[in-house]
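Each of the next two complexes has chain A plus one more chain, namely chain B in the first and chain C in the second.
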Partner chain A sequence: MLGDIITPDLFASAFRMATPLALAAIGGTICERSGVVNIALEGIMLVGAFAGVAVTLAFGSPWLGVVAAVLAGVAIAAIHAFTSINLRSDQVVSGTAINILALGLTGFLMEIMYGHPGTTEAIITIKPVFRFATERGSGTFFGVIWNWFNTIVLSHTPIVYGAIIIAVVAQWAMYNTRWGLHLRALGEHPRAVDTVGVSVVRGRWIAVLMSGALAGLAGANLTLEQVGSFTENMTNGRGFIALAANIFGRWTPVGSYSASLLFGFFDALQIKLQIFRGEINIPPQFFLMMPYVLTVVVLAGVVGRAVGPAAVGKPYKKG
Partner chain B sequence: MPLLELREITKAFPGVLANDRVSMKLDKGEIVALLGENGAGKSTLMNVVYGLLTADDGEILVDEKHVKIKSPRHAIDLGIGMVHQHFMLVEPLTVTENIVLGREPGRFGVIDFATARQRVREISDRYSLKVDPDAKIIDLSVGMQQRVEILKALYQGARVLILDEPTAVLTPQEVTELFRVVRSLVDEGLSAVFITHKLEEVIAIADRILVMRDGAVVGETTPSATDEIGLARMMVGRDVVLSVEKGVSQCGDVVLSVNDVHIEDDRSLEAVKGVSFAICGGEILAIAGVDGNGQRELVESIVGLRRPTRGTIELKGNDITRANARASIEAGVSHIPEDRQRRGLVLEFNIAENIILGDHREPPAADHGIMHPKAIAELARKRIADYDIRTPSERVLADSLSGGNQQKVVVAREIGRNPELLVAAQPTRGLDVGAIEFVHTQIIRERDSGKAVLLVTFELEEVLSLADRILVIYEGRIVKEFAVADADAETLGYFMTGGGGSKLAEEQESKPVESSVAGGDK
Partner chain C sequence: MNTSKAKSSEGLDWIAITQKIGTPVASVILAILIGSFIMWVSGYNPVAAFSALYQGSFGSPKAFGDTLLRSTPLILAGLGLAYGFKANLFNIGAEGQLFMGGLAAAALGLALAGQPWYLAIPLLLIAAMLAGAAWAFIPAILKARIGAHEVITTMMFTYIARYVVSWLVVGPLKDPGQIPQTRLLPVESQLPRIQSLFSDATLQAMPFLKFGRAHMGILVALIAAVVLWLVLKYTTLGYENRAVGFNPFAAETGGISVQWTTVKSLCISGALAGLAGAVEVMGVHHRLFDQFSSGFGFTGIAVALLAKNHPLAVIPAALLFGAMSAGAGTMQLVADVPQKIILIVQALVIFFVAAEGIITYFLKQRQKEVPSHVG
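The block that comes next holds the complex of A and B.
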């Protein structure tokens, strides 16, 4: 039975499950490094997911849907940026408001655009990048290796690869570019950044908008590459798990991706185990619970105390 | 030809005129000291020069050209650099990253760290300011961090270096080193503005001294033309008693008796290893020691913030060993904590609320759980008058007071409660001469009214001028006891740094000193 559970498909599924988490988590990393808490990732992801489906249904192109999802994410993030940077309101309150707004807005738009709540019509999903034969001489050793490699590495859709590339590029940029240095300084000591003549407001706006774009892209991955339709509240807490992944990954892009992969693996395992639940005699809710339990364990600091940017969550006032 | 000239700079904040037509000149290769009490407007003036604040009126000239400095960036471009009192350094980043921040070498947004490191090395070699370019700020000592701040200003091309209270956080050795550095920078052709309220420093470092009071320049002099007493008079506007006058201690009954207490610190290591002493009414007992020798834990256990693992503490015969802070206050212990901003005050509360903290359950502030705002305001106004707290009203937030006035609020609350025992930890840290004089006078008044005072400080001056009796604490043990007449700074310093040796400490342990209350009166 173990051989039925530990299959190449399980690991491939882990990468797929990790992708929306990772994109949102990297967004959270960038945002928090700049000193702004973004618990609105959940809502932004949901709006991105909806916008992607709506535009795909209207124009028939999922790629246009991806663009729409990113732009929608940026637009919602702009609300968060304005309230928390310019108005200096409490960032957790602002984020919570956006999450509630996103839930209501997508439900409302479903009603007026499609005339019913629940789930939209199915759309044409984005296909995997590569398509190689799944079985290639499975009897031989190299055949087995090839099948594993093909399934785990080569079976994915563009955004799944995109997330890995984004993680690596963001990591490099954070430690090698002017943008990255300013970002790391912003969340620790914004006044120090201000006194050398770099704009805190501008730096934080850019970071918040980037997190919006990434969370929107996460939503696009969810609907346009995985599910193929939009369902109300379909993000189902992924934005919050992404925040946990960001902490687990110690506020670094690659760390966030790796942590998301772990969460993704548990999610994939959970699905797999449900199939075999008759044989192992454990209620399915137990498996459903696993990613969330892991989140709580991470946030409780069991994996070692993680210290975030010193000035995160604190509005900056000049002078 | 003046490098920097300010003409009639005026800056008002709601309710205060922080700078009232202030003019000054700074020549090339000159060190000008800006001397004044906290709140005299020194920092405001320099923040205007550095572009952090905009003046309401007045002119700034750099190289004899009129400029309107709109931002720090603009000030930097004009060659003005500032070393802030609270460092503008990003702790998790490296020395190099901090120095080049905002002006990173490189192309297409990619930082050329090799060049950056090279430039940092060049500047640090040229001005012999040695520092590891790859060290993280958080791992550096405060003195080294300040050096990084100076390097940052130099990297940005500063010709004028503004140093805002640069010695406030330094050890005496670091101060000497800083003076050497500033001197050598000026020899290289830079100019410096040195903001401070410490008299001996301006005499040691300045070429010219500008004294500010209540937002205006009240005098200009040179170190050779004046002395500390003259400067203090200019700064405060009246004669200041730099040494405290006090009569002979009239020792009464024992108020506090500490018997063989052992106390653990936050890491559960034994910080106080068997200390015994007693204080009588009408006596000031000073515990002198270098920071971190167990005095914090000792103070906390006396005021009910920490429980000793062994031993007893008695106040007028009542056991308060296990008292919490509330019980301790009710038993008659008052506490001026060493960190007024974190422990002495709730900065987000107003003065009236801060003044009743700890007494907020009792009449007149409250009874049966209901607060009486009128009575509280009345009490606060009385304290404000009695303790000369400079504020427009009792509803002003503690946060917006100057350090000296914040400390007066703490002193007003703790002494106003009329305690049996006053525990004062670093009561004058960071205060200017006027405020120090005030706090010292209050402490002596407590003693003269027959109360017991426990003074914990590492300022030797303070120990010698206030105490009747001195205990030296070293590594959690009392290593030496002096009557104040027998003590001098050198001997105290010797014992404070372990000069008595562990041998002495061991003797102490095997034969606990019968704490001689009698030692107090002489």
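The block that comes next holds the complex of A and C.
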């Protein structure tokens, strides 16, 4: 049975499952590093997922859908930026309002555009970047190695690779560029940033918009590369799990990605295990709740030792 | 805020009261205006929509009964959230505690078949409160001991609660029929309808008492609101809750255990959410199934924020959202507007209530345009 569970497909699936979490988590990292809490990731992801499908259905091009998802994410994030930076609202409250707005907006638009609630019709999904036959020369040692490598590393769609690249680039930029230095300072000591003549408002706006773009891209990955249609409330708490991944990854992009990969692996595992439900006789609901239980366990194990940016969640008032 | 409170205890300070309710009222009006604009842009008639909404929520005694029905769990969930907010705890997962409350009420109700109502109903309500509190307990401990953010943990527990309930209604608690739900609760465990208190003759003479499906849970909710108000105002428990929310460092210095207060606050918040689930099961559906709550725990957030966390103000705030939820069906039927517009209006209300600086912000923008004297 173990041989049926631990297959190359399990690990490939882990990368796929990790991608929306990782993109949103990196968005959360950038946002929180600038001093703004973004619990709206869930709603932004949902709007991105919807925008991607709606544009793909209208124009027939999933790539245009990706662009639309990112732009929609940025637009929704702009609301969060305005309320939490300019109006200095409570950031958690503003995020909650956006999550409810996203639920209402996508549901409302779905009904007026397609005439029914629930799920949209299927779209053309984005295909994997590389395509090699899976079973080439299986049986030989190198054939097996090739199979594993081909499935785990070469079977993915563009945004899955994109997420890895974004994690690495964001990590580098956060610690090696002027932008990164300012970003980290914004979350730790905004007044110091202000004193040296860098605008806190501008810096935080850019960070929030970037997190919106990333969460929108996460939504695009979900609908345009994985599911192939939009269902109301389909993000199912991924935005919140992404926040946990950001904490587990200690507010760093590569850490966020790694933590998401862990969550993605367990998600892939629970799907795999469901096939053997007959043999182990556990109700499916227990598998489905695994990602959420794991998130709590991870938070319980790590949070005490992980300290976030000092000024996170605090509105900045100049003067 | 503290000074206005001191004043109001001497006598009604109308200026302070107007200032306090000004923002919420303005927020609701603005949200409805923007909602209307969205409807208009989408090709609907907002006037027809809102008059249908009014018809479906206040247009007849039965419609008002539906509003009461929807408001009941909203008052309870809103109270729970308000209590947490007072201590600066954002119990975003009230929905999960509500699910566990509903589950406890259903399971115990079925087990207590044959017991008299005066035993069954209080026991069910207490069990639901304990279940809600228990579901908030782990997030509470994690928050108090290691600072795990309650927004993430309570949200995760909401998903877990949904799967627990959906497992039980297809598994151990399943009614031996086709539909995934529990058996019907015994009559003794059901909260009676308000109109069942009156004789047929009375209802004939006074048809305005025909509140349809509205049930006695509203009484539970109103009592809870008054009790919570008294607790916050006059007890050490309530004082500590407020003190920790106001300034945890000062509270700690003053001898209040912030950790312990955090645990108590989240558990009380969960207990009230659990109660909301119980009244929904005992008063409306009389059984448990996995979709028994239409997001009352989440709407409770909007209720508490609109009420500015005041237990008594939670009642009108819940009535407003209860009315929207009750009238949404009529609105869709008559004016063809998708019910989801209600969620959009709800989100807008939260934005405006949260952004108290919004008016001063725009005033400042205008001031900037006026050249000022150089100091």
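Keep in mind that, in the parts below, the second predicted complex is superposed on the first by the 315 of 319 C-alpha atoms of A that agree within 3 Å, B and C clash if a C-alpha of one lies under 4 Å from a C-alpha of the other, contacts with A are read in each partner's own complex, and residues count from 1 in each chain.
We adopt the following convention: a residue touches a chain if its C-beta (ideal position, glycine included) is under 8 Å from a C-beta of that chain, and two chains touch if they have at least 3 such contacts.
Please read all numbers here as calculations on a predicted model, not as lab measurements.
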- More chain A residues in contact - chain B or chain C: C
- Does chain B (first) or chain C (second) touch A:176, or do both, or does neither? first
- Message: With both complexes superposed on chain A, which partner does A:299 reach: first (chain B), second (chain C), both or neither?
- Response: second
- Message: Once chain A of both complexes is superposed, is A:184 in touch with chain B (first), chain C (second), both, or neither?
- Response: first
- Message: Quick check for you: in the superposed arrangement, does A:285 touch first (chain B), second (chain C), both or neither?
- Response: second
- Please indicate which partner A:243 is in contact with in the superposed arrangement: first for chain B, second for chain C, both, or neither. second
- Of the two partner chains, chain B (first) and chain C (second), which one does A:108 touch, if any: first, second, both, or neither? second
- Is A:98 contacted by the first partner chain B, the second partner chain C, both or neither? second
- Message: Counting contacts the way the document defines them, which residues of chain A are shared by the two interfaces, the one with chain B and the one with chain C?
- Response: none
- Item | chain A residues within the chain B interface of the complex | 176-179, 181-182, 184-185, 188-189, 191-198, 310, 319
- Message: Considering only the defined contacts, which chain B positions touch chain A in the complex?
- Response: 50, 52-53, 71-74, 76, 82, 84, 87-93, 97-98, 101-104, 106, 109-111, 113, 152, 156
- Can you list the chain A residues touching chain C in their complex? 39, 79, 83, 86-90, 92-94, 96-98, 100-101, 103-105, 107-108, 111-112, 117, 236-237, 240-241, 243-244, 247, 283, 285-286, 288-289, 292-293, 295-296, 299-300, 303-304
- Message: Give the list of chain C residues in touch with chain A in this complex.
- Response: 38, 42-43, 90, 92, 138-139, 142, 145-149, 151-153, 155-157, 159-160, 163-164, 166-167, 170-171, 298, 301-302, 305, 338, 340-344, 346-348, 350-351, 354-358, 361
